[in-house]
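Chain nomenclature is as follows: A, B, C and D, assigned in order of appearance, with residue numbering initiated at 1 for each chain independently.
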Amino acid sequence: MTAMQIVFLITAVVTLFAAFRTVTTPNLIHAALWLILALAGVAVFYALLNANFFAVIQVVVYIGAIAILMVFAIMLTRREMRDRGKQTSGRWWWAAILGAVFFAGVTWMIEAVALPSQPTAAVPASSIADLGKALVNPNGYVIPFEVASVLLLAALIGAVFVAWTRHNS
Amino acid sequence: MPTTTLLWLLPVFPLVAFGLIVLFANRNRALSHTLALGAAFLSWSGAMAIFVWALNVGPEELAKHPVHSVVNWLPVGDTFLKIGVMLDPLTAVVLFFVAWTIFMIFLYSIGYHNYGQPEGDHDQPGLPPHGATVIDEHGHKHKVPSIEPMYSRFFAYVALFAFGMYTLVVSDNLLTLFVGWEIMGLCSYLLIGFWFAKPSARAAGIKAFMTTRVGDVFMLLGIGLLYFATGTLSFTDIFNPKVLHALGSAPSGVLGLSVAGLIGILLFIGTVGKSAQWPLHVWLPDAMEGPTPVSAMIHAATMVSAGVYMVIRMFPLLKVGTENSAFFPPLAVMAFIGAFTALFAATIAVAQNDIKRVLAYSTISQLGYMVAALGAGSYVAASFHLVTHAFFKALLFLGSGSVIHGMEHGVLHTGEHLDPQDMFNMGGLAKKMPITFWTFVIGGFALSGFPVLTAGFWSKDEILSSSFFGGHPVVFWTLAIAALFTAFYTMRQITLTFLGEPRTPAAEHAQETPWTMTVPLMVLAFFALTFGWTGIPEHFPIIGGILPTWFQEWVGATYKFIPGIFEEHVGHSLLPLYTSLTVSLGGLFLGWWVYKDIKSSDPATDPLKKWLGPFHTLLQNKYYFDEIYDLFLVKPAYWFAETFTFKWLDRGIIDGILHFAARATYDTGRFLAYAVDLPIVSGTGDLIGNIVRTFGRAFRVVQTGKVQDYMVAVMTSVVAFGALVYYLLVVVH
Amino acid sequence: MIPLNWYLIVAAALFSIGLYGVLSRKNAVAILMGVELMLNAVNINLLTFWRYRAPTTTAGMAFSVIVFAVAAAEVSVGLALFIAVYRRFKTIVTDEIDLMKW
Amino acid sequence: MGLLSHPITLVADWLRNLFLGWGLSQGLTTVLLYLIAAIVVASLANGWVIFLIWFERKIVGRMQDRIGPNRVGPYGLLQPFADLIKIITKEIIFPDKADKPLYVIAPLLMDAAIIAIWAVIPLVPMVGMDFNVAALYTIAVGAFATLGIILAGWSSNNKFALVSAFRTVAQMISYEVPTVLALLVPVLLAGTMSLQGIVEAQHVWYIVLAPLAFLIYFIASVAEVGRTPFDLLEAESEIVAGFHIEYSGMLFATFYVGDFLHAFTIGMLGAVLFLGGWRGPGAEAYPILGLIYLWIKAFVVYFVGVWVRGTLPRLRIDQMMNFCWKFLTPLALILLVEAAVVDRLLLGFTPWGRGLVHLAINVFIGALVIAYARAYDNRRKRERPLAAKPGQYPVARPPQPAAEAQSD
């Protein structure tokens, strides 16, 4: 039970609880905040995995942009501050069963196979630089990278177009 | 700059100007006429440079070794159609007058189209300017001439025309000559119909185009035959004696003509079209619908004379063709047609009242002179008259334009509606527009061959004497009578227009035209006087031999080196001289005497009417040629197209077949539809459709339209499937 | 050191929770949140395997970068859609938007 | 290792030895040291704000032709303390139906986020956490500040606050883009994302290499702090006090402090990224000097911020958005490309040569941009000659006669 493991367990508990609240709390704003907490927990996981870069990116992209956008969207798409009535649809029990089954199955599989408890090697100091190079390396991931950029551009334009207020209608 | 380069460049300047104006300058009037005029000036200076250079070289030398440069143009089979430029004495002389006339006329057009005048009140493109109202400092309203709406377009056209003319003159082969020829045809069409909103102008344009087309087709045939016979179109190659002899001796099998003869006839028909010889003369008078500079340049100075230039150019061929051609030898045909046209047109001119029409007919008859001279075998005389005529006829046209312009000013000023071109509405303009008057008189006297002073006298005398001594008495006498008529109607025109008292208020208020119009008049007048002195025959009494017979030597040298082409007729009878003196002076006197006291502006008071009676009517209606052509050519053509082709062939037969086919198809279709399609095919389709619908009704409950239901379904199946796979892969093995 | 399967189990749990959210929530934005959770679970797996199996290569990182990009794009477009839908139907409760119903 | 040259390191070592002496484990010692460092830095920063408040009030007062605080203590130096006491003793009022936990978390979140930035700032050589993605990290925690404001705005259950929250989202999300882009320029030039590395790479201050980038960074961060002329989230004239309208007492004080602290932190980041951080004569030899240099530089930037605040009027929301998306962002992109390409070409230049070339190019780009902006402005003026439309604010120029309007 090393310090790392303690940290990990704490983070895991917090994250999962936050995630759970995210999907259960009736108040959407709270849900969004819980989501942020969960995402932050994920960021901590990344840090624990010596992926500082991704930890930071996680914060920037998810918390800094996505979550805040969600808060924004929630505020924009509700007529009054508070939600009344339950936020779960009638099929929640079926969903719960599905989730549980899925989790059980996956866990069973994970336990079924023997997995290492130690990393094969230490993370090289230049991992981020390598990542950068690989992303623009023709023999590396330049194509997926470019595709992702195009996708982002398309998303940008699409979002603007979709949310555009058409005055004539 | 080497002469060849200069030669190549001559046509280029106007072409560039045309492109620039059309593409960029069509909004800016000053720019467009600057471009056109600049191009004309460049070409002019180039031509002058070449001319001076040629003078230094000397005719013999130039004739033996003409400046000649060729490039391959169009690959045909294994050889090339070559295009090139050539400079021999004839070209030099023609270049001289072409450059001068074109430059002068460009300059003239600026004034003629009222540059610097205000925009018209309700002018519109396609109509001549109606005049604009200006208010002077006293607040009085004045009608003044307004600027031409399509100013830039006009200059673009004339620039293109200049390109065509230069190309034609400098070209060393029939092909490029023909190209220039056709370009000019196009320009003449465009410019005659320049005021396309006037139906008459439209009609005239089409008429001109069609008529000349007739000639051009034959000319093209001739060119094709020539190329077929010799494999070349270059003059230098054709005119080498062996080729000529071969052409001349080989029979063509048509009308007993030799090949050369046949080619000659065909080419000559082209000339008949272009130079408006009988029977294709009808378009030229109508062409006067165009703006006057156009009439002057295209239909007097350059284009129509291009026809004559072409035959002069081909003279050796014609000459050779004449030798072993049984009947219809080209030269004889030309002599006949030329002389006839000269007389016939002159007679018509006598009875016309429109100042420009008179000139138009006189142009026809003068061209007839040249053709006749050529037919009489003296290409020197022909080209001599070609040059002088270009000068004085351009002068006359521009003069008439100036007169009309002055009259229009008067018309606008008085505001009464009368035809500013009708000579009976004029009179007494001499005092109003002195420069125009004097230059016009010079031109007129030159036209009617006023002795010694004017160029026309010398060239006409040359023609008469050559035809006389050349042994064509008929031609000689015809031309003589024609000359009498010429002098007569010229003097008639001058008298009616300038002398006597003004017959209308408009004439009262006519006024002199701006310098851009008068300067060209004076320049041309200078040449109309002096150019003749370059060709005074040395056996002329008294003053003969004082000046060298420059022109004869110069142009004569062109074909001297080809054996049996150049022939000099030296006779010592003074008959032709006396004849020409008599006819010109007598004609002039008659013209003045008959018309000196016309007081009323009513054309009916024309004394000739009384004396000639019905014949005068006949003349006034130009021997009803238009009507005859209409009856015998146009109407049948219409009938053929309308009734025969359209009604019978197209409507009756072809459409009939089509309709039958359509009907048949339609019936078959109906049968298939009702007997096969509906019961069987559709029946099956409906059956299937119904089945599907029934099942759909049963199963559609699944489609709740709620996203999450679908998601649930998906995930359920995923889990189930995963479990299945796991079972198969792991548990079974 | 933390065993690999801890991460995997946590990720699985996160994924299942997200799944539950996606299937059970009524509000579209909430569904989107669920999707985000699932994406994060995936990302954890990617980075975990990268860290434990091939830390010297860049494959895992590259993949998760792509996942980030996709997530960002998906959220932006999704929210834009929701706003448009809200303008149209005055609600973004998915069960009330069933035009595709039979 | 004199006390003068390395005081902080000295203290740190002494503490470590002390703890180890007590028999604490290595890891625990490290944790404790981090904790202490954090506490020290945080309290230092918050304490420093007290002076900032006085300073700003004084300066702005002078700019507005007032004397500013001058009663309590010499030059009113003790004024902030008085305010502090007053505000602490006030009651914290919770609005009806307010979302209590969020209502409390919001200010703390904001303050914490700002102080978190201090964690990575290299105060002196060799000291300060050397985090290999620090540059990004600063942006990341900035997001939490945004979040704090949104929460405050939303949880107050107050329409004004909510509007303010909306504006905050719009403004901050938008202005984060140019900030990041501008911030990437020094990262590019230095070739590292660690702030320490960036500072060490600045043989020539990056304000010479990338003045425009600095300008953009400065403007955008002022916008993110939400101070004049970008203070739409607390525009008194429209939405009374914006997101903290309902706040009072200590919670309000936290916001208040956070605002000033944020402004100064921006200055500090600017100093680190563009003004050579702790660099200065003798900083390597006596690192403590570096702290002073950094402080001075940060203060200069902060002062400019105050100056701007005292000078410029508030912008309209559409103007602000246009400015961000149509001007700053493209310009920042251009600069990024410029930095990348040119720096590649200048490999092996002396630092100053490199600097001057960059400077020249920047000046050129700046000239172009200004010219373009002029042209754009003129065209816009021509297109709608100030005929005030509904929803538009009153215009400066008097509307022209219709004839002219038609004529152009």
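Keep in mind that, in the parts below, contacts are C-beta pairs under 8 Å (C-beta built on N, C-alpha and C of every residue); 3 or more make two chains touch, one makes a residue touch a chain.
Values in this document were obtained by computation on a predicted structure and should not be read as measured data.
Visitor: Looking only at C-beta pair counts, which chain-chain interface has the most contacts?
Guide: By contact count, the leading interface is A-C.
Visitor: Round to the nearest whole Å and give the separation of the Cα centres of chain A and chain C.
Guide: 6
Visitor: Could you give the separation in Å between the centres of chain B and chain C, each centre being the mean of its C-alpha atoms?
Guide: 83
Visitor: Among the residues of chain C, which ones contact at least 2 other chains?
Guide: 19, 22-24, 94-95
Visitor: Hunt down the residues of chain A that sit against at least two other chains at once, touch-wise.
Guide: Residues 57, 65, 69, 72, 89, 91, 94-95, 98, 102 of chain A touch two or more partner chains.
Visitor: What are the residue numbers in chain B that touch two or more other chains?
Guide: 708, 712, 715
Visitor: If I apply the definition of touch given earlier, which pairs of chains qualify?
Guide: Going through each pair of chains, those in contact are A-B, A-C, A-D, B-C.
Visitor: Going by the contact rule set out above, which residues of chain A touch chain B in the complex?
Guide: That would be residues 89, 91, 94-95, 98, 101-102, 105, 109, 112 of chain A.
Visitor: Under the touch definition given earlier, write down the residues of chain C that touch chain A in their complex.
Guide: The touching residues are 1-10, 12-27, 29-30, 32-34, 36-37, 40, 43-44, 47-48, 50-56, 58, 61-62, 64-66, 68-77, 79-84, 86-87, 90, 92, 94-95.
Visitor: Which stretch or stretches of chain A touch chain C in the complex?
Guide: 2, 4-5, 8, 12, 15-16, 19-20, 22-23, 28, 31-32, 35, 38-39, 42, 45-46, 48-51, 54, 57, 61-62, 65-66, 69-70, 72-74, 76-77, 79, 87-89, 91-92, 94-96, 98-100, 102-103, 106-107, 110-111, 115-124, 127, 130-131, 134-135, 140-141, 144-145, 148-149, 151-152, 154-156, 158-160, 162-163, 165
Visitor: So in the complex, the part of chain C that touches chain B is made up of which residues?
Guide: On the chain C side, the touching residues are 19, 22-24, 31, 94-95, 98-102.
Visitor: Over in the complex, which chain B residues touch chain A? Could you list them?
Guide: 708-709, 712, 715-716, 719, 722-723, 726, 730
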